[in-house]
Structures are given as structure tokens and as C-alpha cells.
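Letters A, B, C and D mark the chains in the order given here, with residues in each chain numbered from 1 onward.
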Amino acid sequence: MASGADHEDNLKNDSSEMVLDAFRWMVLARTFEDKISSIYKAGKIVGGVYVGKGQEAFSSALAVNLVKGKDIYSPLIRDMAGRSAFGEPLVDAARTYMGSSKGPTQGRDGNVHRGNPREGMPAMISHLGAMISVVNGILFARRMKGTLDDAVGATTIGDGGTSTGAFHEALNLAAVENLPLIVSVANNQFAYSTPNSKQFACDNITDKAVGYGITGVEVDGTDLVDCVNTFKLCVEKARAGDGPQLVVGNLLRLSGHGEHDDAPYISEDLRKSKLGEDCLSKAHNRILDEGWANQGDIDDIFKESDDEVKSAIHTAESEKVPDPYSHNWSAYSSSILNE
Amino acid sequence: MASGADHEDNLKNDSSEMVLDAFRWMVLARTFEDKISSIYKAGKIVGGVYVGKGQEAFSSALAVNLVKGKDIYSPLIRDMAGRSAFGEPLVDAARTYMGSSKGPTQGRDGNVHRGNPREGMPAMISHLGAMISVVNGILFARRMKGTLDDAVGATTIGDGGTSTGAFHEALNLAAVENLPLIVSVANNQFAYSTPNSKQFACDNITDKAVGYGITGVEVDGTDLVDCVNTFKLCVEKARAGDGPQLVVGNLLRLSGHGEHDDAPYISEDLRKSKLGEDCLSKAHNRILDEGWANQGDIDDIFKESDDEVKSAIHTAESEKVPDPYSHNWSAYSSSILNE
Amino acid sequence: MSITYLEAIREAQSVALQKNDEVFIYGQDIGFFGGAFKSTKGLYNEFPDRVLDSPISEDAMVGLAVGAAIEGMRPIVEMQFADFSSVGFNQIVNQAATLYWRTSLACPITIRLPSGGTPGSGPFHSQCMETIYAHYPGTVVMAPSTVEDAYSMLLDAISIDDPVIFCEHKYLYYHLKAQQLPKKALPATKARIVRPGRHATIVTYSAMVHEAVSTAEKLSEDGFEIEIVDLRCVKPIDIETVLGSIARTGRVLAIGEAFPWGGVTAEIISQITSEGFNLLDAPPARLNSLDTPIPYHPELWRFHRPTAHSIEDKIRKLIKE
Amino acid sequence: MSITYLEAIREAQSVALQKNDEVFIYGQDIGFFGGAFKSTKGLYNEFPDRVLDSPISEDAMVGLAVGAAIEGMRPIVEMQFADFSSVGFNQIVNQAATLYWRTSLACPITIRLPSGGTPGSGPFHSQCMETIYAHYPGTVVMAPSTVEDAYSMLLDAISIDDPVIFCEHKYLYYHLKAQQLPKKALPATKARIVRPGRHATIVTYSAMVHEAVSTAEKLSEDGFEIEIVDLRCVKPIDIETVLGSIARTGRVLAIGEAFPWGGVTAEIISQITSEGFNLLDAPPARLNSLDTPIPYHPELWRFHRPTAHSIEDKIRKLIKE
């Protein structure tokens, strides 16, 4: 199992642009989710809030390697950064949180469940593991139609999600069909309160790749450069026909499971360990160190993000909430079934 | 991944008795299933007939290593040999096939579905993979109650069954809980008509053990001595607290999926390969070669099996079929629910 | 020439594959082997890229179909037996059936469930699962009772832009034969009057239609004319046709092979009594299987499910009330 | 002192763990963390060997419980949300619910399903799955509506020798409070008359009982007295109590929060009309959620499920007929 770090030297030179791009989305995601979290704490968000704090590097690094309009990206609950990097308009996110009727689900499904399959971003259902096989199906269909070319399909999951039967069936099927699937596992050491020791017994989640006969790579999920380079390599391999890629990012979520949770189950030691480092400030420092941007540039990124977030939330806030009386209450697309 | 063969030399000396024992059950199973198959072809068996021809060595070798009254053995459809070796009365088998009301399921469930959980042999449901977690539960409960001692729980499955979510969830859970579980996979190269190439993409099914962090061993499923010794070692390891053991036996079924199927999907080449060797005649020859028994002893085994089979079928045939009018039509054990 | 119910299913798939490149079939052993019941026999030879074997992974099979539908395909998933769809249940009801609601994107998939009891099949190869799927919003659930319907309704199912659960009955696979396949047919969502009558209406579907017809023929000899409505589609239910029949007869017996709690017979009786209460001259009656898993032994199985015999008892009582 | 519905559930488990060594609880995050809803709060400290965290493997969790039951234990499995039991569906209906039928061995497991809608929970954290489980033979399905019932019925569930699907309603978790827990209680399988009346009967269960009570109180001001029957157990159904009520009122409305096709309201209306047709002075009425997945936005959610408001409309119509 090759570690992403092995390849870093070769790739670093030409990845600075991608790193900066990813960093921008990380800042936007952090800014947005901090804001949503404070609105939530003021009691003004409907439903739960689940954030990706601490996971932005790993999340965006995948998405900046994808091409919207060509590739598939199926995010999960901690992928605000990846969603934005893939091209989701920020206002779509703001609209679901603020309950606008103009949101992508029209108020039918919530917050992190938003998606837009027409644009290559399937909308998640809650059942962990269930989205992987949907991505399989998209790739499978394209291959059948001859429209696959070198597109890839990426989807994300957590350490806990690897225990589901759905995860197993989908990865196995993808391997059998040699689909260009990338599954990124954000190994934040816990599934809600449950530590990895109660979730699996292999040494590393990448060990699971062996059982599917696919490639497994591990990466420091707090290190943006490592993440960008590793995903770059994996996406290239998938594009080249090398089959499914399992990428495991080791990190910690720097939040509760949801914003209602203060995560008493994460020990102080762990929080203070390398896993608990904040990917955002690490990336910030690295970018300065490498000279890829200066503090002024970065200040601008924060400033722009702040403006964008305020504006998106403002737009969403001022829109109407869904109206049950005019709502199209139908679960069917076929008109004959709606008579 | 250690191959069973590595340990054979050390073990051969004291395994001859077990081998002979297993051989007896192989002969009984083959004799019984040949008979049932011919009754089926005469149209006198109700429901399908699924036999273990070619898999008797692998099946019985596991069961002779178990202790009835202490260990758990949860067989599947090709485990006639293992069932008998574990101590199932032959007449129980005959009764289900012949539709006697005295069978272990009273006519409620069919042929290979018979079982007796009170005696450590759970009754299978058809959904592949579903029995593994039931065995987990038995072991888990005993450990909780403090009655586990060094008992083990064994269960069997086919190559195709490894693709189920149930297989994954159960093996993963067993690994997390470090349960003394033995899962034997009869890798007969096909799931019904589907070849392994359409079922999984790892090199060997033992690779799956890596993903669970458990031991995986491969064995020549046509070689009784290899099978007995390998299972001996794995059962010992499980008893000693080494956790789940995945044992993969490579072989071919020498029958159709069921007796209705002539298996056109198995190529002549494969049938003639080493995998297609008949474990029964191989064991026969080996026993003679090693001098563990002479031809006369073996003739006796065949003769006794023949008698036993005839007598069991005769008994079953002469018994009443279930009577719907006196049948206890209740799915509930609680009397308050049957009012 | 005569054609069986099973062959009609094969034929409908063949036609759909021919007419529409978006159609493909996915399932266990359906390729070269032609399926456990041979309902895709020969199709792999004709369409090697669109008749594809899957691993034993019902959850992933349905998930894949939904993904393919997102890409504009019209997948048909064959479950080897309806009973095994239980492990694909989540993807069916929560992924496929909600896709349109969540995303405004259609989900034109067809899931074929070889359903129902045959002698000796036991608890896990005999189930009728229509209730389970019909309960969830977003599904269409069909259960054809004739060779002609097996053909035309499967073609309809494939062309409908929403997930269709197609409950084909294994007992009818070989038992039923027709002279030819229909060129035109009643839309799949409409019920059909199988047999006119005036003393009572039996509302049923799938294999039970034939049991009901046997009973009706027998009672006809005694001068009782039983009208039989074949629902064909159990969700949505064509309640107008049902109420029209009851308006003529004043009495109704709903029959289903599935388990007794809830289910099609409960839904149908509820709709009848809520919407056509005043049409009824007697309490509506219901007949389902007994409330246990489906027994393996044929002697028990025949007693467990409704038959012409138990239907006759019920109808005679109903007519007297 | 006052105690919530949620605390009653915690308390029942605590008592069961204390009284009987065979009881244990298995589920995600239920140990040290005390559960996503805190319904096992503190129990891990008291019973560290019998309150155990599972991996995210609903199929294997239920399978494990069945195995443990074979060994004589009485497991309680907590699903984090009812909705996720869909991936444990097969083990529940085909393994647990058939065990006794197949082997004559009892399967005393309790599966706790945090059920039902709350504002903002959406399609996959709001489901009422009682119908799905009740359809299969061998299950008992409970759905308590009060703090006292949550307590006594859960104790009953744990002591029953068959698989019990315990549908506890999340909306009631914190909303409902009682002064104390009951020492004695009506058996879990019996229905209860919540409120006497004479103009019509509402038959319902779980959270909808409270919506019905609001309506009844309002209508009482207009001189209409609505009797309310709380089913408590939806399988088996205590039809005698229901019919007894209808004998007094002559009119019935069945209400359920679940999806409209099939389900508890269909089963109850079918039983009423088959067995108590002549008690009815008007067509029986039914009210369920709309036939779409459960919407996330509270404005839509309130419209999707039955409420005191929509119940009032229905009842007013029913009384006039």
C-alpha cells in the first residue's frame, strides 16, 4: 500500500495551484459552517447541523481533482468543502439550511441531503453506505452507453460507514466491474461516539482494499498537500482504467457529531495529537512557507468568503419558505400515476 | 497466510483417527445424497435437492473437529457430511426429504433447512450470509453469561455468499468482538452459474480476512487430510482466543447447483482439473496408501452406510405426512398471543 | 403455437431490449445461464452488453439500478426470488422510491420479483411481498395473473418513469398458457372484470384469480354468479372498477395469497368501505393466507394459502348474509 | 418529580437489566454515550457488561440478537432511528420472526425503533415502520402513546417470548411528562379507551392519540363527544375493545401517522367492517399521512401528517354522514 507521501515530492511542484484552489474552498466551507453553527445555536436552523470542521482538507482535495460536468461526486454529511469545490453554488447550501422553498430539494429533504444528480452530484440518503452503489450505477450505465470516457465517480464515507453491508456490496461490485470509482474514507476515529476499536479490527482501513482486490492508500487528512497529491494520483489511476481506489484520510473532526454534541468521548490526548491538528491553519502556514501566496492574498480569501457567505445567507433568508398548499404533493414523476 | 499444508507434517501422525472418522461421514453423506437424488429424479421428493457431492471432505473435516454439546455448527446447503459428522441423526435428514411429520421442522421448512438450535445446530434461512451473525450471537451470549469456556462456533458458506452485506457485517462484528468464530468458505468456483470472476476481484478469498483483521487460511478442499489438519489448527486457534478464522477450501461441486441443473457452465477443462478431483476416492486411496485402514474396512463402511441410509429412508417413508387439520398453526411461542 | 406466462415475461424483455437501448437487465445468473427460472433465456446471446450477471448483492444491485436510471437508463433488476429482495429493501424503498421526491429526477426502474407459493418451496422461496413495497410512497406495484398481462404489463412497467415492483407469480410460470401475445392491452394500472356476475364480487390478483375462477365456475352450477375483479396493479388500485362491480353485486370478498395482517386485502376493503359503504348489502369479507410463515410441506402449504375450496366456504357464507 | 416518555423507556430498561441477568442492550452509541437520544443514559455505568456498543451493522445486530436468544438471553436492540432498521429488515422478518415456527424455539428479542416525525427530521429520520413489521407472521408490534405505557409496555415487550418491535415515538420523548411510573398496568396487548364519547370513535395509536385528544376537546365545546381508543399494540390488535366502542358510537375514524397505503388504519378498518359491519351508522373513515416521503421542512411536515386540524375536518364530516 503506497502512502500518498511517497509521491509527494514528484507532484508538489505542479500542485500548488490545486492546493490554493482547495484552500479557498476550505476557507469558504469553514466560514459558512461556522456561521450556520452560530445560527443553529440561536435556534434558527431547522433540523440538525453536521459540519466538516477539521475535514475540509481531505474533502476539498478530492473534489478539486474532479471535473464538474464530467465526473461524479457523491458527498456525505461532512463535505461542505468538497461540495463547494465541485461547484455547488453556495446559495444552494444556504437555502436548505434556512428553509427556503427555492433550495434544491424545495424543503423536501434537509441540509446535508441536498444534491443535484443532473449535475453529477447525487443527493444522499441517510443510510450509510447506500450511495456507493448509486455511483457504481452511474459509471456502469455510462460504460454501457459508451459515454464514460475517462470520467470517474467519487464518493465519501466515514470510518463507521465501512461496517455496513452496503459498503461491502458496492465496493465488491465496483471491483468486479473494474469501475473508475473513488471511495474516500474520512477516518475521524469515531462514528458518533463509537471509537474505531468497536468498529473494525483490521490495522488500517486500507486493509479492506485487499479483500476487494483494489488499491488502498492512506493519507494524513490534516495535510492538504498530501491530500491533494494523493487524490490526484488516485483519480489519474481510476481514469486510466486501474479500477476502484480506496483512499483513507486520518484525521479528527473538530466538532461534535452534530452541533448538538460536545463530543465528551474524544479524549484530550487525542485532541492534542497530530490527528487533532487543524487542517485549515496547517494549510495556511504551509502556503505561506512555500510562498504559494502571501498573507494579503489569504486575507482576501477570508474576506471574500465572508462576503459570499453573508450574501448567500441573506438571499436565502429573504426567500419564502415552502407553502404546503401550493406544493406539488406527488412522489411520482409519471403523470398517469398522479391522477 | 499459512497454508494448511505447511502444518500437515506435524499433524499427520495424530490425525489418522479423525481422518477415518471424517471419511465415514463422507461415505454416509455420499450414499445418502445419491439415494435422495435418485428418489428426486423419480419425482418422489418434495422441493429441491441440493447436494454436497465433491465437498464432503471439506464439510466433514470441519465438523469432526467440533464437539457436539459444546460447540456450535451452523451448516448450509452442501453440508450433509458435516451435519452427520456433527451428530445429526440420519433419520432427521431422511424425514425432511420424505416429508415425514416427525422431521425436525414438522414439515414447516424443507430439506437442507432442517436444524436443531437446542443441540448447537441452528436451522438455516435461505438468505446467504444471514447465519453468521446468529452464530456470533450465540458465542456473544455465552461469553456474557460466562459459559463460553473454550467452545467455538463454526458456520459455512459458498464463494458467492461472500458478496452479501450480511457476510461482511457478521465477520466484521466477530472480529471486533474477537469471537471464536470459524467461517468455512467452500470455494467451488461458482455461485449457481456465476463464476468467481463475476463475484469478487481479490486474488483469493482469504484476502478478505485481511480487511477484517482475522486469520485466513486456504486449503485443498479435495484433500481430506489437508482439510482435517487445517480445521484442527483453526479450531485450536479459535479455542485459544485467537479470534475469527476464515478457512477457504478450493474445490468443485461434482453436481449441479441443485439436482435439476446439469451445470453446463462448468467447462470440461475445469472438471478435469485438480479442483474437479473427487475428494471421496482421493481419501479412499490415501487411507489405503497410508495403511490407516484396509479395503475390507472400507467395504464395511460403505456397506454400513448403505444399510443405514436404507433404514433411515424406510423409517421416514413409513411415517405420516403432516396433517394440516391437527397442525399447530401458530407463529408465536407465547400463549397470550395465540388466543 | 402456445406461450407460457414465463415465456411472456421473457418475450416482453426481449421486445424492450430490442426497442430501447436504455433497457438492460441485471441479476444473478441471468446472463449466459438465462436465469434460475429461465426468464431471460437466450437474451444474453442477443444482447450480450445489456443482460448482465451480478454478484449476490441485492442491496448493491438495486443501488446500481438507481444510478443507471440517473444516467437515463431503464434497468430491469431480476431478484432470484422475491424473498431475497428483503436484503435490497432499503435501496428499493428509501433510495429508488424517493429519488423523484428528493431530486425531481425520474427513477424508471423495474424490479422483477418471482413471487408466491409453489409446493415444496417453503418459507423463503414463496413470499408475496407486494404489501411491503406498496406501503412506501413512490412505488408502483403490479401483479399480473395471465400470460397476456405478464407480457403487456411488463412492457408498461418498463416504460413507466417510476420504480415498478413487478410481482410475477412462480406458480403461473409453467401452468398458464396462451395462444398468442396481445398487440393492444388494458393499461397496467386498470383492473379488469374477469368474469361477470351478480351475487357477489371477488376482488383479487395474481395466482388467486385462478382459484377464484374455479370457485366461481363451481358455484355457477348452483346458480350463483360471482363477479371477479382482477386488480392487476395493487398500487395504485383502480378503485372505480372495484366499486362499479360492487354496485352490481352488493357483496365483496377480497382475496390475497400474502400474509393476513395489512396488505392488499386490507387496503382494498378500507377503500371500498370508505368510498362505497352504501353499495354493500353485507359485511365485506377477506381471505388471506394463515398467519404463519409459508410451510414447506405441500399438505400444509395447500391449507395455508387460500384455495378454491376455502374461497367457496367464504363465498357461500357471504351470499347468505 | 416528573418523568418524561424518554426517561420511562430508560427506566424500564434499567428495571429489566436489574431484575433479569438475561437482558442486555445492544446498539450504536448506547454504551458510555447513552444513546443518540439518551434513552440508555447511565445504564452502561451500572451494567457495563450488558449495555454494549455495536458497529454500524443493523443486519448483524439483529442476527446477533437472535443467536443470543437461542442461548436463552433476552436482548434489546436499539436502532438509532426506526428508519435504519430497513437494513436489518431481513434478519427481523425472516430470521427472528420465523425462529419459533422453524425450530419451536422461542425468540424473546425486543427491537426498539425510535419512530415518527419531528419537525426538520426529513424522509430518513421520521418513519413509522409498524406496518412493515406487523405484516410478517411471528412479530408483536407495540406503539405506546403515554409515559406510563412507554414504561409498562416496554417491560411487557422484554418479557414476551416472541420478537417485539417496539415503536417509541420521538415526538413524545420530551413532550410528554407523567408524575410517576405505574406499578400495575393494562397488558400491552390490550387497547385502552382514552376518552369516552358517544358521537364517534377515533381509533389510533402513538403520537396521533394526542392529536386526537386535542380535536376531541375542541369538539366537546360544540357538544360532540368523541370516544378515543388507543390501540397501544398494533399487532395483535385488540379488536374487541374497538368494536365495543363502535357499538356505543356507530361511527369510526382510524388515524395513523404512517404512509396511507395499507398499514394499521387499513387493517383496523378491515377488521371493523368484517366483524362489526352492523355496528356502523356511517362509512368508516381513515386518515393517514400524505402519500409522499416525509418532508423535512416543518411547514410541509405539519401538512403531511394528520393533525388536530385535519382530524377535526374528518370528524365533522363523519358526524354529519
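The definition used in the following text is that a contact is a pair of C-beta atoms (placed from the backbone, for glycine too) under 8 Å apart; a residue touches a chain by one contact, two chains touch by 3 or more.
Predicted model, so just to flag it, every value in this text is computed and none were measured.
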Could you tell me which chain lies farthest from chain D when each chain's centre is the average position of its Cα atoms? B
How many angstrom lie between the CA centroids of chain B and chain D, rounded to a whole number? 41
Cα centre of chain A to Cα centre of chain D, whole Å, reads 36
Counting only residues that touch at least 2 other chains, which ones in chain A make the list? 105, 108-109, 113, 125, 127, 163-166, 169, 172-173, 176, 198-200, 331
Set of chain C residues in contact with two or more other chains: 54-55, 57, 59, 83, 86-87, 90, 94, 97-98, 101-102, 123-124, 137-138, 291-293
Among line, ring, star, complete and other, the chain contact graph is complete
Partner chain A, residues of chain C touching it in the complex: 21, 24, 49-50, 54-55, 57-73, 75, 87, 90-91, 94-95, 97-107, 137-138, 140, 160-162, 187, 189, 236
In the complex, chain C touches chain D at residues 59, 83, 86-87, 89-90, 93-94, 97-98, 101-102, 123-124, 131-132, 134-138, 235, 258-259, 261-267, 269-270, 273-275, 277-278, 280, 282-286, 291-293
Can you list the chain A residues touching chain C in their complex? 104-105, 108-109, 113, 115-118, 122-123, 125, 127, 130-142, 144-145, 165-166, 169-170, 172-173, 176, 331-334, 336-337
Touching chain A in the complex: which residues of chain D? 28-29, 32-33, 36, 53-57, 59, 81, 83-84, 86-87, 119-125, 290-293, 295-300, 302-304
Within their complex, state which residues of chain B touch chain A. 163-169, 172-173, 175-176, 178, 197-203, 207-214, 243
